[in-house]
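What follows is a set of structures for review.
Next come two complexes built around chain A: one with chain B, the other with chain C.
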Partner chain A sequence: MLAQLFVAGVVHGLIIGLAALGVTLVFGIARFPNAAAGDTMTVGAYGGLAAYGATGSLLVAGGASVLAAGAASLLGYLLVFRRLAGRSLAALLVAAIGVAFLLRAALGVVFGHQQRVYQVPLAWPIEVMGLRISPMDITLAGVAAASLTVAFLVLYATPIGRQMRAVADDPDLARVSGIHPFRVMAALWLLAGAAAGIAGMMLGIKTVVAPEMGWESLLPAFAAAILGGIGSPVGAVVAGLVLGIAQEVSTPIVGFTYKIALAFFVMLLVLLVRPRGIFGRVEGVR
Partner chain B sequence: MTAYLLAIGIMAAIYVLLTLGLTLQYGLTGLVNFGHVGFFAIGAYASALLSLQGVPLPLTFLAAALAAAIAAWPIGLVALRLREDYFAVVTLGFGETVRLAITSEGWLTNGVQGIPGIPRLFSAMPVGLPEALATFAVIALACTVAALMLRRIAASPFGRVIGAIRDNEDALKALGKDPARFKLQVMMLGSALAGIAGAFYGHYITYLSPDQFIPLVTFYAWMAMIMGGVGRVSGAVVGAALLMAFLEGTRFLRDFIPGVSEVEMASVRLGAVGLALVLFTLFRPQGLMGDYRK
Partner chain C sequence: MTTHRRTLLAASAGLLAAPRFARAQAETFRIGALNPVTGAGSPYGAGMQRMIVAAVEAINAAGGANGRRIEVFSEDTQTAPQAAVLAAKKLIEVNRVRAILGTWSSGVSLAVIPLTNDADMILMHTSGAPALSVPPANARHLGYRFQATNDRFGRAFAEIAVKEGFRRPATMAFNNASGIGNTEGFRRAWAAKGFQNGVHVVYEPNQPSYRAELLRVLATRPDVIVMGSFLPDTTIILREWFQMGVPVKWIIPAWAANPQLVQALGPAVTEGIIAVDSVSNEGSPAFAAYDAAYRRTMNQPGLSNVYAAMTWDMATTLGLAIEQAKSFETAAINAAIRQVANPPGEGVSTFAEGKAAIAAGRKVNYDGASSVLDFDEFGDVTPDFGVFFIERGQIVRKYVVKI
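So, the complex of A and B:
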């Protein structure tokens, strides 16, 4: 039973981890917690759903979710966050909430409020060492692993990724080194949006697609980003897994609704005890 | 028509109280509280549950204010040591957690079924115009008292300290003041106002359920505050009035545009709140009647 929940937690954790990857990149580089990250996930879920309904291919759906969420994320940067550079943190926070509401409202108007599902073919679960694992879970874990590989390759093996990490480290130093802030920021928002989009599609396949789904995942994503250490991509993924497994394993004890609240308590605990998270560096300020 | 205007007036006054709490916390002190709805909910449920147990109404309002302030105490202690972005995330999480707790703890709150039959403010009077007028008068009085109190606070030495927290916390620390203590007091006082607003809300609507306390309520108050003018007591009043005009306006809009369902209208309303938050932060951060210098 516990091992079964553990398996469910891994898939759920990968979803949180991908969402947290987007959050931690924006938090580390653009330096504010983006409350629109959750609704960017929803955009990805609906984008994937439309493509999956048209083609029935998970690959096309993944591509569509990346495109849709990446575009929404980039648009948010170009139209709103870019203009707020140099303004107070509170302005960014409020604007992010505004963007989140706008995205959710647009989806609600276009797709309606009824819950939708990905019509994935049903398949018998496979027995592995006494555990029942559905083939879909294995596929989703593969999708997540592939997306994470791409994201980490972009971050650690391309010039733009190196520049992103430089800006995260020290924006002023990056600027005097000749790194163009606009290109880095545009790439950052695209990458963060793409990660959120895949996370949204996976969540949509595992559960249902509805305009509120992403907002409800926002808190776990924030919690994982903080637990992993702000600005640490590896930390976000590891913390996402930890949180996902903890949520699933604790469900029999704390009940279905409180597993979201668990994210809140993890976040509080980390901020109090070890504000730099598992993989974060000492930053002096929290 | 009079009854309708009174109903709008009562809801507007409730939002004025809620927004005044936020004005104290963000406008005067600079605390980014994204979990205001949580304290609103705690006040609403505290007063409603106690009144259903037969506790007389003025006492339940006191309890609502106390319960919200006490709930703000640990949140304040924990979160006020954090930078403002973390504080925003933590309070957002708190607001959601309160709603989850209301949903789950059915033994106390009756869960998603909600609590019906909460006594009205003037339960001895028959439901009608005089009763609504009396309700409005009481809430308006509460708003006036709260607004005057906030004015006094803003002009007092305490007000100058919290203003300094907003404008330059490091300088304040260098002068030997401890911002954490002031922030905690502001957090508790503002939450008490939200709690009282919640109590009025519960006794006016007479029915409470968790889905009345979605995060959108917090941002209605933010929208009212930003529209009216951040950091101004009169701004909260103007902003709440504008907010009500907007919320009611979208209801009338439905009569003119045929074929728009209520859920679609809810989306439009959500989008309009989002748009207002974005546009005001981008182009008019001081609000309609805010102080341009800040």
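So, the complex of A and C:
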């Protein structure tokens, strides 16, 4: 039973982790909490849904969700956040909430408020070491692992990733070293959007697609970003997994109503006891 | 020349003034049609609104209620409490309506009823939450429910479970007044029949997975799971259940187990699900009148929208109550509603019939299109329930249960 809950928690946690990755990247480099991250997920979910409906291929759907959410994220930067660069945190946060509303309303107008679903073929579970796991969960875990691998390769094995981390570390030092801020920021918003898009598609496949779905999963993503240490990509993913697994495995003890509260209880504890999070560095949080 | 211009001026002034004069002569009784045109209630909302308008047209064609025409102002709740409250405020403060008809979901009705209570006006709704029967929501007895309460749905579920021979029912409820109302009603009725209740799980909305909840329920090996649920969560739960490969039967309210659910999950997952809904007062003359109006305006049979039959009855009942009260004051109209809807009295099926009987000094009893429409002390009615089975993707009605 516990092992079964653990498996459910892993898939849940990967979704939270991917969303948190988008949040934490923006926070580490653009330095504000991006409240539009949830609705960027929704854009990804609808993008993937449209592609899946047209082709029936999960691979194409993944590509479409990355493209749609990446484009929405980049547009948000070009049209709004770039113009507000250097403003106060509050101004950027409020602007992000505005972008979130705009995205949600646009999706509602275009696709309507009726729920939509990915018509994925349903299959009976397969037995893996006595555990009953649904094939779709294995596929989704694979999708998440592949996406995370690509994201971390971009961050740690490419010049643009190195530049992004340099800007995160010290923007002024990065600038005097000849790093072009615009290219870095564009790459950042694309990467953050792509991560959110995959998270949105996974959530859409697991649940139903509706304009409010991303906004409603924003808080767990923030909780994971804080728990992992703001600005730490590895931390965000690990914290997402911790929260997802903790929520599911705790249900026999705390029940189903309070499992959501558990994520925020953990977040509170972290803020009180270890404000920099699991993987955060003091200087990373500014 | 001057005279000519002056004549022209006078004539045009007269023309401009005439309509206003006419309007002032014919004061109307204003009502709000506040329905879920968009959002989760959108399959029903447009039809509900049209039937308020159609029933009011019938009232006005019969000379209006107590000498006044009724005027309808339409608004959309978006099936969301926030939007519904804004719309209700607009209806009350800007349009100055004297009653609001047709809120659909419990969350919306619970949010709107404090406003109608404060404005001293009647609210007629189709929501199921038991909280709408009692104070504080219905402290002033101005709320009327044209749908069965969730508690009555639960009792109907228990009748069906007995009839279908289930022995070990478990219950799962969406954590709100409506969801828990359904399962609580079932558990009370089931226990009253002398049976043992199974495990009861209350779950939260917007979860990416309901695996833990399902594991808990299925571990007790129930033969049926009785739901107090809505469409999105039911979609997620059934999809997850099917992929767990544990056979069990389901009893689900029809607002969740509807054609959209079948479309989302396909015939294999939904095969054998028992969907339960209140049924209209089919075969009654009032239903025939409603059905004709529904076919005329919506191009569909009246049976396709149980809630539209309810809103048709709302407008008709309100019109009859105004006629009976010989007044436009809320207190007088409110006192007259049970007089015109409940027995004893001469059975009437349309506003015109009722108006004639009232004029002749007889006590009337309106038998509605949605149910016989007899309000209890809480303003609730007791319709019959249709039991539908999903078979190869089709939702087929099998029998009717009375409670």
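Basically, the second predicted complex is superposed on the first by the 273 of 286 C-alpha atoms of A that agree within 3 Å, B and C clash if a C-alpha of one lies under 4 Å from a C-alpha of the other, contacts with A are read in each partner's own complex, and residues count from 1 in each chain.
Just so it is clear, a residue touches a chain if its C-beta (ideal position, glycine included) is under 8 Å from a C-beta of that chain, and two chains touch if they have at least 3 such contacts.
This is a predicted model, so every value here is computed, not measured.
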item	value
When chain B and chain C are modelled together on chain A, clash or fit	clash
First, second, both or neither for A:Leu122, with chain B first and chain C second	second
Residues of chain A touched, compared between chain B and chain C (which is higher)	B
Partner chain in contact with A:His113 - chain B first, chain C second, else both or neither	both
First (chain B), second (chain C), both or neither touched by A:Ala100	first
Touched partner set for A:Ala35, first chain B, second chain C, both or neither	first
Which superposed partner A:Arg83 touches (first chain B, second chain C, both, neither)	first
Partner chain in contact with A:Phe264 - chain B first, chain C second, else both or neither	first
Chain B versus chain C as contact partner of A:Ser217, first or second or both or neither	second
Touching partner for A:Leu272 - first (chain B), second (chain C), both, neither	first
First (chain B), second (chain C), both or neither touched by A:Leu75	neither
Of the stretches 41-49, 77-85 or 113-121 belonging to chain B, the one that collides with chain C	113-121
Chain B and chain C contact sites that coincide on chain A, given as residue numbers	112-113, 257, 260
Chain A partner contacts - residues on chain C that touch it in the complex	38-40, 42, 78-79, 175, 201-204, 206-209, 211-213, 215-216, 219, 231-232, 235-236, 239, 242-245, 260, 264-266, 268-269
Sites on chain A touched by chain C in the complex	1, 4-5, 8, 11-12, 15, 112-115, 117, 119, 122-125, 132, 134, 136, 203, 206-208, 210, 213, 216-217, 248, 251-252, 256-257, 259-260
Interface residues, chain A side, partner chain B - complex	27, 31-33, 35, 80, 83-84, 87, 89-91, 93-95, 97-106, 108-109, 112-113, 211, 215, 218-219, 222-223, 226, 255, 257-258, 260-261, 263-264, 267-268, 271-272, 275, 285-286
Interfacial residue positions of chain B with respect to chain A in the complex	26, 30, 32, 34, 78-79, 81-86, 88-90, 92-94, 96-97, 100-101, 103-104, 215-216, 219, 222, 226, 263-264, 266-278, 281-282, 285
